[in-house]
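What follows are several structures.
In what follows, chain A forms one complex with chain B and a second complex with chain C.
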Partner chain A sequence: MSDERFFISESDLRALAADLLGAGTEVIAPVAVDACASPAAMASSECLRPGMEPEHLEYRSLTDASQLDLGRGLPVLSLKGYFLPEHEALCRWKQKGTTIEIEAVPTEFAPRVVLAAKPCDSAALAVVDEVMNWDDKDELWNGRRAATTIINLACPVVDESCFCTAVGAAPDAVKGADGLLTPVKGGYVFEAATGKGGVLLEAHQARLSPVADALTEAADADNANARAHVAANLDIDAGSVRDWINTHFEDPLLASLAIRCNGCGACSSVCPTCHCFDIVDEEEGVGRGTRRRCWDTCQAPTFTLHASGHNPRDDQHSRYRQRINHKFSIYPLRFGEVLCTGCGRCTRVCHAGQDLVEILEAIDIAARRPAEVTP
Partner chain B sequence: MNIYEPQLATVTELVDETPDTRTLRLEFQDEAVRESFTFKAGQFGEYSVFGAGESTFCIASPPTRPGFIECSFKAVGKVTTALREVNVGDTVGFRGPYGNSFPVDDWKGKDVVFVAGGIGLAPVRCVIWNVLDRRDAFGDVTIIYGARSVDDLVYKRELEEWASRDDVRIVTTVDPGGETKGWTGEVGYVTPVVEKTAPAAANAVAVLCGPPIVVKLTLPVLAELGFADEAIFTTLENRMKCGLGKCGRCNIGPVYVCKDGPVFTAAQLKELPAEF
Partner chain C sequence: MSETATGAQTSDGTAGGAKVTAGVKELREIARTLLAEGDVRVIIGWEAARRGARPVFVTDPAEADRLIFDARCVHNLVTYLNPRRDHVAELGKIGLIVKGCDAKAVAGLLREAQLTREDVVLIGVRCGGVLEENEMPAAVTLTPDNVAPRCYGCDIREPALVDHLVGEPQPEPPRPAQTIDERIAALEDKPLEERWAFWTEQFSKCVRCYACRQVCPLCVCERCVADKTRPQWIEPSPHARGNLSWNITRALHLAGRCVGCGECERFCPVGIPLSLMNRKLQQIVAERYGYTVGDDPEQAAPIGDYRLDDGQEFIK
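Let's look at the complex of A and B:
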């Protein structure tokens, strides 16, 4: 691993993406797409207004390097789906009479590169690595992780819903990533963070040049600015929050967080760390089918529903408490990592106005309050 | 290794325990797995019918009887209804064993009291046979078992076998109105029958399993009889998908039933949030 920093011009960065594509390597990167392309979005007022052509960013597998969007917005969905797909086969079966034949699915994957990942999205992968490996190893997750080299693009902070620094991440962090690009005049400061990142830089060194001190200083200053900017959005003590939640399960604050929530589960879909899944069998004709895992959400009543009809979490408040408890107490207590990287997507996507920044502020205040004045 | 890929097993025997409860005996098709498979009393697995999906139950046979595993289930959901349809010779899937176990070896020299209600006898049966297969290692063995009606008593052949042994004290009971003409057992709910049977608590452990209401009502009765919270063991069920601590649904507060359980002491239950 090298701590050396290089300069790469924007055109060379695009050329690097083109080189990778030319060599047959999949490249995943933010791409600007027509925000009104999906049937759901078409009904939104933005898409109905004449003359409007709104765009949003999505992580896509590039077909051409020109698609690479180096703007600094946040893709609608995180990188999660490239490691834990929305749905994926766990195995396939064929039945003939009383015999069953199982067809295994591959757990090794072709090498691929993610360019311009958001630091909150790569950090989420490192956080979820823990649960995927704490005892039995999830080789589908691990196979995709091993095959992927991730280069982050330092983030200027998107809006007031961002709070990565409050949960141990940062807008210029390389947690979960193999390298970092920081925008500077005319291009990027490019540095490796892991051996895997070093290999990528070395393979493309013809596109790199030494970086002037003035540029690295500018990059560092920009990154420091971004950190200060996001830190102003939320300042909590994650350790106190963790311990307070763990000891206040029945506290009225925790037991009534879901006043606005209607349990749609959109927060789980957009969350880079929500990894809960369901396993279902899908028949694909007579005597054959696929056992599949698909994203699930703790916000759905069926998530914990027993066959007997008993449901341990039978109201939305208890389901929302589970979401907060899992992210900010259960997971940190077990794995030492907060199950949240402060991307703010859950707040932005919520049509009912559940605001995680607000909720964490409230819990932080409760956690800091001396025990004797707790009502 | 793909941890979600099931082993294939052949159904070699089936017993209809009650009108809606069935026991299947399964033998692994892969010879190496058949020979190397081991588990501990109290562990569970994911049983599957291909096309219907997976369902979670304990292994109801004891580890002291290798070569096969058994499961008992009530046909209430999609998978259990499909499992109810399989015949001898059919192939099903199994992943496991998962979870912790009853610390049976720590009970050597102690009296063991089993209390079960309804289908709750399935996880307890595994422990009963595990103890009876090494009968000399333990003190007095008492089994108190209740069901809604005589029809609903599971493992009837084994209940008779246990009753015929002189080294087991067994009390069976059915809810009032559930008795038949020839019924010679007790009539009443499990909890008062435990109170009446009053097994000695000194140098004893209790294994309690049944519907939540039976567990809830019987815990204080056992405490009253002198059983310490650390000497009362139970096994919890929660909806699970992976069984491996990843799918995120079986937790009770910070405790994962699939990894930290399913076996808990009454002392551990008291530490849990009331969300199960």
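Let's look at the complex of A and C:
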């Protein structure tokens, strides 16, 4: 049934979420977190202004289907954390004398469903799948991927920092996902993209109805509009960018990108594709502890600090170049995929003004129209 | 770098939404002269970019017209004088544009011998407050609803310590809808359990990106305690223990040093209200030691000053 498209009303979509929750399936979806709800009200001065309702969207595990936010905004953090948590135990140990007991962690997970995922966030999972299955197979990542059915919600384009179409993604793409919802009058056009998505649709057939041609045409037109809209934000040739970076390591454009950069890892934290982690042993009492992995970032000096004290990337310029190089050249050369899905979060979160749209445009000009490069 | 959205001046005398006032003209003239005469190698100020005002590093006198100053110029650029910024120091002698509050951070670096006054040229801008949110196409008039809460109570219209001073005299910033002190007081009215729940929830959001530390003009340690592994003082995992440990340690290390610029809170990608902690510590230091952080580098801070009559009733 994967080629078929159906209609689902908004109430039926919520009922579908409720059915899943009722059956004990975890449902992850965007939730408008009321930044002004107790006890966090004091957190935000926004909450104190009459008429202002700060919209703060997060992917959350639903406790009730009514929480599902279908407003198509961009959650603060990507879906990444549901597959590579900010921190997770890899094993636990107990040591007595020379006897060490290792307690493994489960690598199989209960089935769960993500509803209304951003297409840029699901696409990122498919991109990161490559490195997670490169030499070692990452059991925790793969276990969560296998257990999860992801249904995207077509995106209307968030703002001028979006550029998914420039890096091989699209606002209505199903890359990394199992199905797609596109808003139409009165509800959504709902289609499966994989067998897993087909199973979900089939299990909830009662909520679906045939879709009128007029609605699928409207859905296609809206999605085409969104693609054109986002394409206007940034027009680069990712292949030229990849090859130019690969051959211009010392070029001033790459070597002096980070003058205003603070070297924090906020861009990596919010990035759906940044997947580097650190492994730490945390003692939890005498002779026992947990080995954990937690998110790490190439923007931190300690990321490459050698035991000798030498640091091959010892200034922020070289660390920022690494970020650009890895995403747009190293990863594509190795895996054929750009390690970026154009969500724009890094740009929005950077109050120092590091602007990936601007940087990619500059690299693209250097690669394809060198005559226009200002000396 | 292509300058798609920066520097282009339009016929109505604005550049990227920034009004070119007499003060801005003067600012650009001073910057141009300093660069042209070789007094400095780089001017660090603000420019109007695609997403609003942002820091700019001008090295060519011909590019001095990129500089702007309006209520969107929120950033405390003194962070670029921080000795951790090797890649900025490499540019050579810096000319830095400061607001009144920013000059307090300069004083902090001088007080702690992290900066030599002669190594920097300071250009002061008269400031009547800045916006809480600077990412907008043009500056708007300050109101109680949009002013940065930290501007409330600011008594410095003219920055101290500067070599040049530009701009028209400015009015007091408007009073924000609720001041930081009022928010602290409201929080303190809650029972202990609720306050604990509040901070637990706030710290649970922390992803340990360390943006708060990286942007802080006064986080000067070459190797932060959070990065030390032998012993591991602070657990690097962003779980409850690690996050509590990091956030409390960061705040305490800034006690009596924090100038209240609020950059840590502004840069926090998950919105932890760090200003509440920083301000509370300012209140405690004021109460305990009669010390308010100011723009006089000669005024010793309690952390670097021992007095026989220091209160010690809390040592039990």
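By definition in this document, the second predicted complex is superposed on the first by the 348 of 375 C-alpha atoms of A that agree within 3 Å, B and C clash if a C-alpha of one lies under 4 Å from a C-alpha of the other, contacts with A are read in each partner's own complex, and residues count from 1 in each chain.
To be clear about the criterion, a residue touches a chain if its C-beta (ideal position, glycine included) is under 8 Å from a C-beta of that chain, and two chains touch if they have at least 3 such contacts.
All of these numbers come straight from a predicted model, not from anything done at the bench.
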item: Which of chain B and chain C A:V105 touches, first, second, both or neither; value: first
item: Contacts of A:L253 with chain B and chain C, given as first, second, both or neither; value: second
item: First (chain B), second (chain C), both or neither touched by A:H306; value: first
item: First (chain B), second (chain C), both or neither touched by A:L90; value: first
item: First (chain B), second (chain C), both or neither touched by A:L333; value: first
item: Touching partner for A:V280 - first (chain B), second (chain C), both, neither; value: both
item: First, second, both or neither for A:A266, with chain B first and chain C second; value: second
item: Intersection of the chain A residues that touch chain B with those that touch chain C; value: 278, 280
item: Interface residues, chain A side, partner chain B - complex; value: 90-91, 93, 95, 98-100, 102, 104-105, 107, 131-132, 134-140, 246, 249-250, 275-281, 283, 289, 291, 293, 296, 298, 303-308, 310, 312-313, 318, 322, 325-326, 329-330, 333-334
item: Residues of chain A defined as touching chain C within the complex; value: 35, 39-40, 42-45, 48-49, 52, 56, 76-77, 86-87, 160-161, 253, 258-260, 262-266, 268-270, 278, 280, 282, 292, 294-295, 297, 300-302, 314-317, 347-349, 351-353, 355, 357-359, 361-362, 365, 372, 374
item: Contact set on chain C toward chain A in their complex; value: 1-5, 49-51, 54-57, 75, 79, 85-88, 90-91, 132, 134-135, 145, 149, 176-178, 183, 186-187, 190, 194, 197-198, 201-202, 207-215, 227, 232, 235-239, 242, 266-273, 276
item: Residue ranges of chain B touching chain A (in the complex, touch as defined); value: 1-6, 8, 10, 48, 50-55, 76-77, 80, 89-91, 93, 212, 237-239, 241-242, 244-249, 251-254, 259, 273-276
